[in-house]
Every structure is written in structure tokens, then in C-alpha cells.
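Look at the two complexes coming up: chain A is in both, with chain B in one and chain C in the other.
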Partner chain A sequence: MSEIQLTINGQAIKAAEGETILETARANGIDIPTLCHQEGVTPTGACRMCLVELDGTNKLLPSCVTRAADGMVIRTDTEKLKRYRRTILELLFAERNHTCAVCVSNGHCELQSQAQAHKIDHVNFDYRNPQLIVDLSHERFGIDHNRCILCGRCVRVCDEIEGAHTRDMRNRGIATLIITDFDQSWGEASSCTNCGKCVEVCPTGALFIKGLGAGEMVKNHELVPGLVNTREVVHAKN
Partner chain B sequence: MIKQTLTPAFPSDDKRWRIVETAMKRSNYQADALIETLHAVQEAFGFVDESAMQFVSARLNLPASKVYGVATFYNLFQMKPAGEHTLSVCTGTACHVKGNDQIVEFLREEYGLNPGDTTPDGKLSFIGARCVGACGLAPVLIFDGKIVGKLSVDEMKQKIREWVNDES
Partner chain C sequence: MNLDTLTLVSEQYSDELANYHHLIHICAGTGCTSANSMELLDRLNEVIKSKGLQDVILAKMVGCMGLCAEGPVVNILPDDILYRQVTPEDAEEIIDHLVRNEVLERLRLDTHLPFFTRQQKTALVNSGIVNPESIEDYIAHGGYKALLKVLTQGDRLAALEEIKRSGLRGRGGAGFSTGMKWQFVYEKSNSPKYVICNADEGDPGAFMDRSIIESDPHSVIEGMAIAAYVVGAEKGFIYVRAEYPLAIKRLRKAIREATKHNLLGTGISGTGFNFEIDLRLGAGAFVCGEETALMQSVMGNRGNPMPRPPFPAEKGLWSQPTLINNVETLANVPRIIEKGGDWFASTGVGKSKGTKVFALSGKITHTGLIEVPMGITLREIIEEIGGGVPGGRKLKAVQTGGPSGGCIPAEYLDTQVSYEALNELGAIMGSGGMIVIDDSSSMIELARYFMEFSMDESCGKCIPCRAGTAQIHNLLSLFVEGKATENDLEKLEELCEVVCNTSLCGLGQNAPNPVISTLKYFRNEYIEAIRRNPDAVERMEINHE
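On to the complex of A and B.
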């Protein structure tokens, strides 16, 4: 694999060909905020938090799905990008009901920590306050759609890692909702293997283990990347 | 190579399932034939219900949630049988600003219909269509496939009332 050179935030960086801008940046200690990105599964570029500026184009590029190329000059933290990221976060807060104080993931939530990092103390949009269902029909897990940001991580993990594809999304736009099988309740979804990987990758408190109180749901972020790594090692041996 | 599991039986002995089967066979039961197949179901039956989705999902070896997700994503697929008559109201930008927003409101107040609904007697279905590509005729209404455009809000209301009364 050949090596390429690029500049990120003024820093000269070497990368392997085929790597994404996000991977290159993180490998060199430059963090780019993400919400829908999940290490170990296919990136989709859905949340737009990881947009970066590239010299020579007016278009902002989603770094999780853009490959690094030789000679790229990239900036990841301009005022414009920060402003856009704040707007994305504000829109997410306005779209559903994110009440941190009573949430199982309070203190361990990626949406919350991104909001803190971007210094969001108020939301400039009217809250929609939807009345979405909370599905507690599964024996061990629950899903509260009010806290879901539709990042699609649970869908991709269920499909690509577990291979069950119990989850998907129904409808579109503002009516989009995560579903299990034919939009049945989770407890009735026969394809679900009860593995719980969707719960561990959920960035917010939308998917949780039942019986926990506010702030008690701590996700295991290493689980899925670890599984993928183990599989690669086993594959290489055989 | 994905192993073809047991061939699922048709959901009923309705002959129209053969049309659906042919559509799938034509694309060699490939997973990417899903939208084509759902079109075939929609055309043959007029709607795509859960038994159809179950059949298609089993036949094409696709996850249930995927089939459900695709079927609900596109406005073209109806989940419920349509009424005897269908009124499509274009809610694209041009038609919206020309008064179709008020027609959507009118149908809710007068007939209790939200987009996608059918009256309890099964006579009238109301479909909210995104831009139908006839913005020059805005505001556009489609009465059972017949396009009517360039009417004022009052004229549209009158036309809908007359049409509903004539047809019932």
C-alpha cells in the first residue's frame, strides 16, 4: 500500500492510501466530531458532523466517507464548520425530546458531550415535542424513540455484525422511525437474537438495558470494534 | 453464494401472486429486485400489505425490516386498499403556495381525511402527492388519474364536493 501526504489543520501528515480523512485525522490525534460513525461498520455520512473543508473546493466533505488523497489541504475546525455543527446539534435537540436530567445515559451520552463540546446552552429552534412510543416489550432491553437521533448505528450493527437485520427505518423525513421486523414490537420480532449490540452502539439513551436509573446506562464502546478485530484475526489465521 | 431456502408458498390462492412471482423470476430473485417486485404487488393488488411483504421478504431472502422500510419510504406504495375513488392533492411547493395547503385542511375538516386515509365507507381515498411535475398547472388536483389545475381554492372545493356527490 503506497503512502500519501496531506495537510490537516496546518500539520503535515502521512497516511496509507485508502484511508478516510477521519481515520487519518484520528490516527494523528486530530479529533473530528461524529455521531453516526461507528468503528467496525460501514460509514454512511448521515449526520454531517464530520464535515471538513478542503482547499480548492467550495463543497464541504464528510470526512468519514471521503478517502484521503495525496496533497489534500484540509481544515477540520474553522468557525464556519463549528457554526454548522452547532446548528446540526440544535436541530437534533429540537426534533425529539432530549431531557438529559431524567435520561439513563446522562453523563455517558455522545449527543450530550458533543453539545457540551460545542458550548450549546440554548436551542434557536422551536422544540417539536413529539409524543413517540417507548417500546419495553423486549425482555432485557428497551427503546425510547424520543431520544433517538436516527444515526442508524443500531441498524448497521444488526445487519453487518450480528447478521440479523432485525432493525431498519420506516417512512422518511420527519416521520422516520427505527423499526424491528415488520414494525412489530421488539419483543415480538422473531429475527432478534437478543445480542444487545445495538444497545451498546447507540450514542444516546434511546436504546438501553431495562431496570437502570438516570445516568446508569454506560455503553461499551469497545465491544463492536473488538468483535470486528477478533474476526479479522481469526480470518487471517484460517 | 446465498443458498436459496425453501420456496415460500403464495400467501393465498389468488392468481395475482403469479404476476408477482414472474416479476421476481425475471430478475432472477436478486435482492435488488425489491422495488420492482413491490411495484408488481402494488399494480396487481392496488396495495402492499403485510402478507405481501412477508412473501416478498422470504422469496428474495431479504430481512423483514428492510422490505418494510423500503415499502414505507416511497409514497407510491400504499399499505391499505385504496377507496373506490382517489383524489391526489399535489403538495409540492408551487401547488402549496397556490392554495393546496387549504385543500389539505378542507379534506380534513369536511371528510376527516389525512393524507393516505380512506373514508370509512371505502368510497374516497386522499393521497398527498409530492410534486407531480406539472407546476405550470398549479394548484394541481388529480381526480382518479384526471389532472385538474389552475383553479381557485373555492373552485377546487366546489369541484371536490360535486365530484364526491356524483361518484357516490
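On to the complex of A and C.
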């Protein structure tokens, strides 16, 4: 694989051809915020948190799906980008019912961490306060749609890594909802293998292990990337 | 079918038509059939038969004649007499007058109206003349000659050159060069390749594509076949909304007949070219008009857009090179091949060549479908062709491009219609919906109407479009209800900027346009709405102190 040269935030960086801007940046200690990105599954460019500026175009690029190219001059941290990211986060907080103090993921939540990093202390929009269900029909796991940000990680992990495709989405727009099988309750979803990968990749407290109290749900971020890595190693050996 | 048999079919059918003294054309578009035009056709046939006139008068269905508000419309040839709002009860009187060579003045519509004389038809050339359910009629009017010309010449590059020379640009709204799009797919060496016709017309107030398909389905099929030959595809899909049952029915019939005549299928016209077309019915999602979402839907997935690049020309259906063109774009193709790219490019202004179909609706006298040369002014379209605003009201604005477009205020009415000029004004050409707004309408309510549409139609994948459109809608509601403050105006503008610049696909990127353009031209209405809010006025006064 040939090597390419690019500039991120004024820093000259070498990258391997085929890498995404996000991969290149993170490999060089430059963090770009993400919410829908999940190492090991197909990136979808859905959350728009990872948008970056590229010299020569006024279109913002999703760094998780844009390949790094030779000579690119990229900025990941301009005031404009920070303002856009704050708005996106505020939109998420206003969309459903995110009450950190009583959440199982309090202190370990990616949405909460991003809000802290972006110094969000209030939300500029009216809270929508939708009435959403909490499905506790599964023996070990629960899903609280009030905390879901529709990043789609659980859908992709279930489909691409576990191969079960138990999860999908129903409706569209603001009414979109994660479903199990044919919109059955999780406990009735016969395709679910109870593997729990969806719970581990969920960035918020929407998917959780039952029986835990506030702040007690700590997700294993290494599970899915580790699994994918192991599979690749085994595949290479064979 | 080869060129000789095509000519034979054409001559036979033309001879057959020439035997009749009079032809009665009855509009069979959705507008007129909803107003009972098919019963009128039956009744006319009964009367003709009962009077023993079946050898001298032929009543046949044709496509849309444009003036939908006056339907059912009937055209009598060769005299070119137009009757409007004809009912089955009028059939006998019409025939009686025809026999006596008299005109039934009671129903007559003046064909010298600017509505008819100021139009210039390319995509709609057969509309209102050809029976959309008869391939012979299409062939008799020069149909499939362009396809066979391209196939017999066998020079794909020459045909591509002709399309490029014509300057034709995508009629679905974005206005990308059709020739370039074809070239990108042509240049790809991997196969199979696919051709898609995007007939998922979904803007409120737009019915151009529906009308073209209902009136002249073969021109779209012929355009697709030419495109497929040029780019090297053997399989095509027409993605059409399930809400267009008549268009679907006519497409099915047209595909069947074209296949029967070996104008589709394997070894077309004795050459080595194979091409078949399948229909895919959209399940009612506006976002599926966006090309990446459309392709997901064709493949049987949830219709969510995907990031571009990769563009469809590189990785489209099943990751293969795919060409996607809009209905009207494809309907122009046979004409360009037949008459040459230079002929097409001789009409128009600047980089916008040829003609454009518009669906006129809203507060306008002649609601209906028109095709006009690019470069015509909005004033000519609205005041002359459209007959102006009815009821003594004043024109306030023209909305083009539907939920992705913007409003053009009355003072810009002398703008020449082109992709560039409309963009500059903050509107877009769009697919051709043109809604006329009079001075009784509130622009904030109009903006909210379009925002409600975008909010409902957002796929929900990316956050700015999903949650942003809902918040913009909420803010607009505050203005409509007189509960908005200056702070809300600021929030509204900021949020519009974020949704435009961060959304994943065209739906979200353009959804704020109706708000942005009304803020630009009708800001006073927003300010007045704030003044209606007693709390806001109090706060304004404190601020100013």
C-alpha cells in the first residue's frame, strides 16, 4: 500500500492509502468526535459529528467515510465545526428524554461525554418529551427508547457481526424507532441469539443489562473490535 | 423490428388514420379521467356507431393536453377545435355539430390563447396527440426511429457526443450535465451496468413526470434504451411511485408492447443489443427520489440515503456502475438523437438549454402542465401562459422546487428562467413544480407547510435532518401562533444554517430553503409576527432601553 501525505490541523501527517480521514486522524492522536461510528462495522455517516473542513471545497465531509487523499488540507476543530457539533448534540438532547442522573450509563455515556467536551450546559431548543416505551421483555437485557439516539450501531453489529439481523428500524424521520424482528417485543424476537453485542456497542444507556443501578452500566468498547480482529487473524491463518 | 418494418408500421397506421375525416382526441390523463373522460370516450364511440359514422370519425384517447383545470378536454382534428369541461351528455351534440361542420360554441376554448401559442414542446411533443396505450400510434409519430438509428449506426460515442452537444441537464432538479453522467458510466469497464429512470416525483404541486409517463410512456422507454446502449447496460429499472396507478398501468403495457415488437428484450432489432426494463414501485417515501436512497429501495432495502462518493456511476445498484436519469431528461433523449444536439442547444439561455416542463398550480387562472423554452421570463409564464392571478388578487411570490426550493417575490418576475438565475435568487429549478402565491397567503405559513413536509419525509438517518427539521417546524409554529421572540428568529436562522451544511443528503441540505428564502424576501412578516407577541414586544423595549 502506498503512502500519502496530508495536513490535519496544520500538522503534516503520513497515511496509508485507503484509510479514512477519521482513521488517519486518530492514529495520529487527533480526535474527531463520533457517535454513530463503530470500529468493526460499516460506517454510515449518519451522526454528522465527524464532519471536517477540506481546503478547496465548501462542503463539509464526514471523516468516517471519506478516504484520506494525498495533499488534502483538513481542519477538524474550527469554531464553525464546534458550533455545528454543539447544535447537533443539543438537537439530540431535545429529541428524546435524556436524564443523566437516573441513567444506568451516567458517567460512562458517549453522548454525555460529548456534551461535556462541547461545554453544553443548556439546550437552546424546546424539549420534545416524547412518550416512548421501555422494553424489558428480554431475560437479561432492556431497551429504553427514551435514551436512544438512533446511531444504528446495534442494527449493524447484529447484522454484520452476529449475523442475526434481529434489529432494524421502523417509521421514518423523528418517529424512527429501533425494532426487534417484526416489531415484536425483544423477549419474543426468535432471531435474537442473546449475545449482548448490541448492548456493548450502544453509546448511551438505551441498551443495558437488567438489574443495574444508575451509573453502573459500563460498556465493553473493546468487545466488537476485538472480535473482528480475532476473526481477521484466524481468517489470515487459514 | 428493423427500420424497414418500423417505417411499414408507421405508414400503415398513418394511412389508416388518413381515412377518417375527423379525429376526436380525448384527454386520458389523470386529471381528465378523474373528471370522467373515459366515459365520454365510450359515449362518443356509441354515438358514432349509432349514426353509422365509424368510417369517417375516429374517437381516440390521447395524453395530457396541459389545461388540466378545464378537463375533460377534447380536441377535434384537423380543424383544431378545443372543447373544455365536456361531459358524456355532450357527446351527441358534439358529433351532430361535427357532421354539420359547425362548432359547438358553448364548450369552445380558444386555441389562440397564449397558453397554447407560447409553449414549445420537446419532451411533451407527443402529449395530447399520441394514444399512450398504442405503440403503433407512437411509431406513426416517429417513435423508436431514434433508437433504431443509434443501433444501426452502432456508434456509441457519436450518440454520447450528440447528448453532450445538446447541453441537456438533469430535469430532476439538480441540473447536472446528462452527457457527463452518461460518460462516467460509459467509461467504467466493469459489468453488468444498470440504467434507472427516476419517476419518484414527490414534490407537492409537481406532476410533470406523471404526465409525461401517462401521455407518452414509449418516449421514456426509448430514451432509456438509447441510454443503456450508449453506456453499455442491459438491465433497466423504472422506479415509479405506487401513487401513480395510471402511469404504472401504461408503463407496463408499453414495456410489454415494446418487447413484443423486439424494441426491448434480446437481440433488439437484429443487433447484439439486449435490454430489459423492470418496474419498481415506491412505497410512498419522498426521500426515495434521492438517488442513493432510490437504489437502496430498488435493491429491497430501507430507503435510506448513503454518503456520496461513491457516486452511482462508480458504485450503484449491487455496487455496479449505474446511470440514473429523471423521466423528463429521458423523454428528451429520442428528440435529441433524431434532430441533433445542436438543434436542442439552439433553444435556451446560457448554460440552460432546451425546454422545461412546469406544473403550474396555486393561485393561477390556467392550472396545468406547460413546456416552455429556457430563458422565458417568469412574467411570461405566469401572466401570459398562466393567465395571471384570478379573483382580482395581486401576485405575491412564485414558489419553485417545492420543499427543496424557494420563493421568488413578485419584483423578480422579469427573471429569465434558467438553473443559474433561479439559484441566484435562492430558489431552484427543481423538477418543475411552480406554485403561484397571491397576497392573501402568509409566507410563514407556507414555509411551515413545506417544513412539515420535509419533517415527515426525513428518513431519520442523520440527526440534523431528523431532529433539525422538527425543531425548525416548532420554531415556525411559534411565529404562526404569535408566540415568537427575537431570540427565536436568531435561533431559526442558525438552525437553518446547521441543517443545510451538515445534513447527509439533498433532502436535509435543501429542507431549510423555503425558510431561508422567505426570511430573505419577506422578513417583515417574521418581524410582524414577533410584534404580535405581547411578551416579545415588552422584552424588545427593555432591550432597547
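Simple rule for what comes next: the second predicted complex is superposed on the first by the 238 of 238 C-alpha atoms of A that agree within 3 Å, B and C clash if a C-alpha of one lies under 4 Å from a C-alpha of the other, contacts with A are read in each partner's own complex, and residues count from 1 in each chain.
We take it that a contact is a pair of C-beta atoms (placed from the backbone, for glycine too) under 8 Å apart; a residue touches a chain by one contact, two chains touch by 3 or more.
Remember, it's a predicted structure, so these values are computed and weren't measured experimentally.
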In the superposed model built on chain A, check whether chain B and chain C fit or clash.
clash
Give one of first, second, both or neither to describe whether A:M169 is in contact with chain B, with chain C, with both, or with none.
both
Scan A:D159 for contacts with chain B and chain C and give back first, second, both or neither.
first
Of chain B and chain C, which one touches more of chain A's residues?
C
Mind working out whether A:T180 is in touch with chain B, chain C, both or neither, as first, second, both or neither?
first
Does the superposition put A:N28 against chain B (first), chain C (second), both, or neither?
neither
Between chain B and chain C, whom does A:S137 touch in the aligned arrangement: first, second, both, or neither?
neither
Stretch of chain C penetrating chain B in the combined three-chain arrangement, among 145-153, 163-171 or 199-207
199-207
Share the list of chain A residues that count as touching for chain B in one structure and for chain C in the other.
168-169, 171-172
Which bits of chain C are touching chain A when the two form their complex?
285, 287, 302, 306-307, 455-464, 466-471, 474, 491, 494-495, 498, 501-504
Applying the document's contact rule, which stretches of chain B touch chain A when the two form their complex?
50, 53-54, 63-66, 68-69, 72-73
In the complex, chain A touches chain C at residues 44-48, 51, 60, 62, 65-66, 83-84, 87-88, 91-92, 94-95, 124-126, 128, 149-150, 152, 168-169, 171-176
For the chain A and chain B complex, residues of the former touching the latter:
159, 164-172, 179-183, 191
